[in-house]
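In this document, chain identifiers A, B, C, D, E and F correspond to the written order of the chains, with residue numbering beginning at 1 in each.
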Amino acid sequence: MKIGILVNEGPYNHQASDTALNFCKAALAKGHTIWRVFFYYDGVLNAAPRAEPPTDDRNLFKQWGELAEKHGVDLVVCVAAGLRRGIREGDTAPGFRISGLGQLIEAGIQCDRLVTFGD
Amino acid sequence: MLHTVNKSPFEKNALESCLSHAVEGASILLIEDGVYAALGGTSTAARMAEAAKRFKVFVLGPDLAARGMDAGRLVEGVGIVDYEGFVDLVAEHPTSQAWL
Amino acid sequence: MDEMESGVVKKFMFVNRKAPYGTIYALEVLEMVLISAAFDQDVHLAFVDDGVFQLKKGQDTKALGQKNFSPTYRALDGYDIEKLYVEAESMAERGLTPADLLVPVEVLSRAEMGALMNEMDVVLTA
Amino acid sequence: MLHTVNKSPFEKNALESCLSHAVEGASILLIEDGVYAALGGTSTAARMAEAAKRFKVFVLGPDLAARGMDAGRLVEGVGIVDYEGFVDLVAEHPTSQAWL
Amino acid sequence: MDEMESGVVKKFMFVNRKAPYGTIYALEVLEMVLISAAFDQDVHLAFVDDGVFQLKKGQDTKALGQKNFSPTYRALDGYDIEKLYVEAESMAERGLTPADLLVPVEVLSRAEMGALMNEMDVVLTA
Amino acid sequence: MKIGILVNEGPYNHQASDTALNFCKAALAKGHTIWRVFFYYDGVLNAAPRAEPPTDDRNLFKQWGELAEKHGVDLVVCVAAGLRRGIREGDTAPGFRISGLGQLIEAGIQCDRLVTFGD
């Protein structure tokens, strides 16, 4: 099944990013396709390029990047929401790309399911 | 329809709003701080026990365990799923709606 | 864009449950709604719980320094987004009547709103 | 003590928690989405009217105006202040406590 | 640091009203509390509303991938932070008893908690 | 009067940053001193150096910077909370500096008042 994901909140402050990651890993393990993950609102902060979480804690930025690298998951950050919060084209954590909100609507149209994680 | 609720029923109105909009027979999955709504012996337990008769109610096990709660504390009629079960619920229902 | 020519028309619903200005969700949902207009989908906007406050007439944000985005709701029909639904119980609990609102809307009971939500293909919330 | 509340009483328990902890005679300032608690004719108006007898209750005018509400809609006994009035309230009370 | 020798001792209270893991507040408040120990102030921790869940025994975050920070509450007395207050009504509403908690605490009624809050010089909340 | 401020949330997503700014401006206009503004939790994101809000909206990053420049307000970003979220020493918006949580406790001790803005 083709699944799209919407992440509304930044990493660490809310659990949304963790839950979305765990959901994506489980869906991939079951043979589903994560067709796209769209990051909106404070969700764009998951693509922050210079974060350095404590070494004894999980690194969510890296985990998203691995999802893109190993499973070819398309990680799309909203350009407008990103500019408001300092996340810009050419300066994101590895694995993310910047594009417009249309990519979220497209995911809604193309995917069999769209699941939202937020606050 | 699969409804997800991630807020504590003691703090926010998300669960109440979900319960009053969900159609008879819908599935409701409690995740993150939403899992507290599944506990028995609380001021909201009666509301959940009644809801569990009208809806299929599930709670995300990893979120329950993180918060130090186990199956023995749940209101009757609430099932436990893991992340794979969450994925199955999404696959079984044509649409998901998040109550944030 | 491919999807604009795909011929697939789904029922989308944007569910507004938050008040404006205290958080950005109302504004950024509106940006999402405007973009969705380009995709020829069957778009529905629902205003429930504190979301009904988004449509209150007479918003004046000058002293706040924030942008007043409420006039945008009036511009939605220019984008062919005309299916706005407001919940009666949510308004009543908050002391609002349809006369308080910026735009003409269809008022639904909570039960009707739940039934409408249940018909959707894609539900987006914030 | 000056208590500030910035949450809608329809959405979160912040106001209720504040009211049940504040000591008789305390001041309460409603800001941001908290201003909705000051409106008359709502499901929470009676609670606020009663609170306004035990506490000094204020609402931040700029937040009220942004949300399209005016003085005529307020519960009796609630005063309006601007940002300068907010500063004065902070100065008048040795301690501020935010209910978030 | 100057302030460590200033001789000023204020009554600080850290008020915990949020559940752990769903948001980061519980963890980052705890980091604040640990730092405050270096300043020789009169530090109080209050657990009210969903904040009482922070002290629940048996937290197991392995399947979540998050760090279980609850053992830190047990380490607080090593920092001479010993004034932990939990609200009776908040526990009762949530089906908890003192036996459910990780650490020994002083249980206060809501009225007593309000009175204690009222005595503070600095109240920090999240 | 010496007033300290704690900002718990990032700009735009929550009103906390706006309200704190409006409060600070009013306090300064009345002759009070804003002794320090401490940014914690997602509040550290107010120091994001590469943000570019829409031109028809307010620029909160710039407004904080002006407060530091014109009134000498000490804007302190928590180092640990910042690292978790990608805000680092030497790479903040103008006017902010990075330091430890002790600076918040110090503000609590030194200031006549401490006011918190959050979510």
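The working rule: a residue touches a chain if its C-beta (ideal position, glycine included) is under 8 Å from a C-beta of that chain, and two chains touch if they have at least 3 such contacts.
Everything quoted here is computed from the prediction, not taken from an experiment.
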| item | value |
| --- | --- |
| Chains touching both chain D and chain E, listed by label | B, F |
| Most distant chain from chain F, judged by the mean position of its C-alpha atoms | B |
| Pair joined by the larger number of C-beta contacts - B-C, A-C | A-C |
| Interchain centroid distance [CA atoms averaged], chain D/chain F, Å | 24 |
| Euclidean distance of C-alpha centroids - chain A vs chain D, Å | 38 |
| Centre-to-centre distance between chain E and chain C (centres being mean Cα positions), rounded to whole Å | 40 |
| Centroid distance [mean C-alpha coordinates] between chain F and chain A, Å | 28 |
| Residues within chain C bordering two or more other chains | 21-24, 49, 64, 66, 121-122, 125-126 |
| Chain B residues counted as touching two or more neighbouring chains | 6, 10-11, 13, 32-33, 62-63, 82-83, 94-96, 98, 100 |
| Shared-contact residues (touching 2 or more other chains) in chain F | 8, 12-13, 15, 22, 41, 57, 80, 114, 116, 118-119 |
| Interchain contacts, given as pairs of chains that touch | A-B, A-C, A-E, A-F, B-C, B-D, B-E, C-D, C-F, D-E, D-F, E-F |
| Residue ranges of chain D in contact with chain B within the complex | 10-13 |
| Parts of chain B lying in touch with chain C, wherever the complex brings them together | 1, 13, 17, 20-23, 26, 94-100 |
| Sites on chain D touched by chain F in the complex | 4, 6, 31-33, 62-63, 82-84, 86-88, 90-91, 94-96, 98, 100 |
| Parts of chain C lying in touch with chain D, wherever the complex brings them together | 18-23, 49-50, 53, 56-64, 66, 68, 70, 92-95, 100 |
| Touch list for chain D against partner chain C, complex | 6-8, 10-11, 32-33, 36, 39-43, 45, 61-63, 65-70, 73, 82-83 |
